[in-house]
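Working notes, beginning with the structure itself.
Chains here go by letter, A, B and C, matching the order in which they are written, and residues are numbered from 1 within each.
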Amino acid sequence: MSYLIKGAALPSGRRADIRIAGGALAEVGGPLTAGPGEAVVDAEGLVALPGLVDIHTHLREPGREDAETVLSGSRAAAAGGYTCVHAMANTNPVADTAGVVEQVWRLGRAAGYVDVRPVGAVSVGLQGLHLAELAAMARSAAQVRVFSDDGQCVWDPVLMRRALEYVKGFGAVVAQHAQEPRLTEGAQMHEGVVSSQVGLAGWPAVAEESIIARDVLLAEHVGSRLHVCHVSTAGSVEIIRWAKARRIDVTAEVTPHHLLLTDERARTYNPVFKVNPPLRSSDDAEAVRAALADGTLDVVGTDHAPHPREAKDCEWAAAAFGMTGLETALPIVHQLMVETGRMTWQDVAAAMSARPALIGRVADQGRPLAAGEPANLTLFDPSARWTVEPERLQTASGNTPVAGWELRGRTVATFWAGRATVLEGEVV
Amino acid sequence: MAATEVLDGPDIGRAVQRIAHEILEQNHGPEGLVVLGVPTRGVPLATRLAAAIKRVEPGWDQALGRLDVTMYRDDLSRAPTRAVGRTELPAGGIGGIDGATVVLVDDVLYSGRTIRAALDALADLGRPKTVRLAVLVDRGHRELPIRADYVGKNLPTAAAERVRVLLEETDGRDGVLIEGAER
Amino acid sequence: MKHLLSAADLGHDQAVAVLDVAEEMAATQAREIKKLPTLRGKTVVNLFFEDSTRTRISFETAAKRLSADVINFSPKGSSVSKGESLKDTVLTLGAMHTDGIVVRHPASGAPYQIAHSTWTDASVINAGDGTHQHPTQSLLDAMTIRRRLKGGQAGQDLSGLAVMIVGDVLHSRVARSGVDLFTALGAKVTLVAPATLLPVGVEAWPAEVFHDLDRALAEAPPDALMMLRVQRERMSSAGGGFFPSPQEYAREYGLDAPRLAALAPHALVMHPGPMNRGLEITSEAADGARSVIVEQVANGVAVRMAVLYLTLTGAKEPGA
């Protein structure tokens, strides 16, 4: 099937027609005329972005198919404008062998909505004791290039050092969930004024910052590549800024929810706002917004973390950490960063497509919208208004933190490898 | 809203005076009399009534108190939450009403439910020999088999009308008004 | 008042009003017939997910004095251990047409969640949640202070008084609700504890903080001195290592004879109980003339009667 997209605004702001044929962008420019049998997509007023790439997604399969499956998560990703997601390793069984990562990769291919790139565990069973067989995962059909114990911190400094060294052999990266475990035992929310008042055990910023500080120094020492997941504090931003100034090879991500929300939400005791790392202070939220705008934080990663209803329909302390994000990330970035003039669409394309693809070494994703490039793109309507209704989202779980919010901007169409996965706002 | 004044200050004074005499007459003197006001406006009325009795019978010990009936009401789930008032019994305190002739004093007798609550409250405080009821206004529309022994003025009213008793102590002036647009 | 979830929800006037009602309730408790018909036909469930015989008995007494039917339910020993959720427990109570649920729960916020859920439309009274709030405890403390130091007349608040709270503020719901309520009532609140037992963020509380008890007693002499219970297990490494030893804690923060002697003649000694005699308070202080600890317990029943009365009567608000 070939498509002709008429009148889209490229990230540069230039208006163009885009012809998709044979899985590639056949022509970008125009005006172009539709050929026989070519479907025309009216993109007047829409922004064309390279297909989004999520560096941090939990698809839950295998093991927690009650929360999400590779299929439902893939559809959610497509609906949010994504053409590639990195599926985190904390499944059951853990993705710590070539067998499991290949299973996830094949499930992604079978689902057929996005490029599902499995993340391999750093340590066996996420236990933080022994390195998993990283090379086997890297050389498997899944070609794993991102390793992470996400959900757990690689706390042992020796294990972290070994992992950073070992992945150099196949150009991969270690993505760290920075959380000092002793400082966060029983932690429920950001430690600060709000936690002192609502009586929930605090998760201090220093527990994140101390691990990031250690890790950037380790990465420098062994000359390896480090990625920091879900940066949430102003102090973490400062450390990463310092590390980059020292030319340490570190990249960092921020989630839409840490850009948008603060620890004030915990006053409602609604466990949908329980997430790890926790929602921080308004100063922290402003710091990560500024750092995303100035490039200190390289990418937006959703940390899409679906949970079944019963995991959130309980006491805060008993609830699971995490919130969904694939279908709301781009509108949130649009509202917070683009409408406010802090980022251009080119910046968004870099932070949500090109750079995450580069971090994950995904060759055919995150490419510019130019003739000859793979046909991975999404069309976003910045003028659309929609109310988030959890039951109408594609994800199998309802734990979106923006339920009931009216968001500005919506994905109208997504094309992955030349195939339309979303058309007229509906997953196809 | 149209308001008609049916009793003025001197009327109220005369009514209290008359009730005092009636009480003394029926009781054959002040022996064992205890006057209890039912908040809100029953309390100043009881004070006036006790003073009037005392003027006639200076030897009376002026046994005066207040009986809050809030916690005995049967409409606590229907009306907005009420503030709880204080119950104060005259000297002798708890048990001080045992064997006494208690005169309950209220401003308006209407459904009878307040007095029903007052009788229950009284029963929890002791065992009077007799309980009598004095009201400034009886406006009819009883919902319970209760009647007043002493009435300042019988006022036939429509249910839609509102009777407002104003007293110097609580409202800055004395008067009884009937309010209701249809009158 | 539909629920009582946090002392922070009570403004000055509402707090005074609760204390006024509590005084009237206390007056009825001096009578031969203590039972009032006020809540006849209402059902109150004491839902205690955490052991507290004292608080439970106090609520039970209060409800029974108001003629409510009382059901005690301690899921710890029954369904929760079998994995029943908070939600299912509350749904079950809702199906039984419960009017009021008195909740004690180890998780902060559980009463708030129940009150704001669709699981029940009953009134919810927080009888202590995690390290969050214990509003009826603070109300009975305020009632005790007001009565002892101001006379207990209707309309009075705690303005002009200084309340000092000493001990494990970090883990104390009594301290949190106390700071909220006493300051709302116009009192000045001082907190005294080692920094390990104060929460990060305490600097934003409306209270002055000291780490040195003797200095605090000298510089901010209290009219009421409230000693908090300190759990011995908090000193162990597994318990968080908050202080080195009970001996050191008692020396630094215990209320002993010299500190007792340093108090103003009128000053009250208070403790929410149960006490660790010899740790945060000596027997001399606990049993001395200034101690109002037993009075606190008595006032607890009156305060809980007032709270039950105020939450369970009144026409249902539209949509509530």
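Here is the rule we go by: a contact is a pair of C-beta atoms (placed from the backbone, for glycine too) under 8 Å apart; a residue touches a chain by one contact, two chains touch by 3 or more.
Everything numeric in this text was worked out from a predicted model, so none of it was measured.
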Furthest chain, CA centroid comparison against subunit B: A
Chain at the geometric heart of the assembly (C-alpha centres): C
Chain pair showing more contacts of the two, A-C and B-C: A-C
Chain centre separation (subunit A, subunit B; CA means) in Å: 75
Separation of subunit A from subunit C, taking each centre as the mean of its C-alpha atoms, in whole Å: 45
Whole-Å gap between the CA centroids of subunit B and subunit C: 40
Subunit B: positions in contact with at least two other chains: none
Footprint of subunit C on subunit A - complex, ascending: 191-202, 204, 268-270, 310, 313-318
Contacting residues of subunit B [partner subunit C, same complex]: 68, 71-72, 76-87, 94-95, 120, 124-125
Footprint of subunit A on subunit C - complex, ascending: 8, 85-87, 105-110, 112-113, 116, 129-133, 173, 176, 199-205
Sites on subunit C touched by subunit B in the complex: 1, 17, 20-21, 24-25, 27-28, 30-33, 35-38, 66, 154, 306, 309-310, 313-316
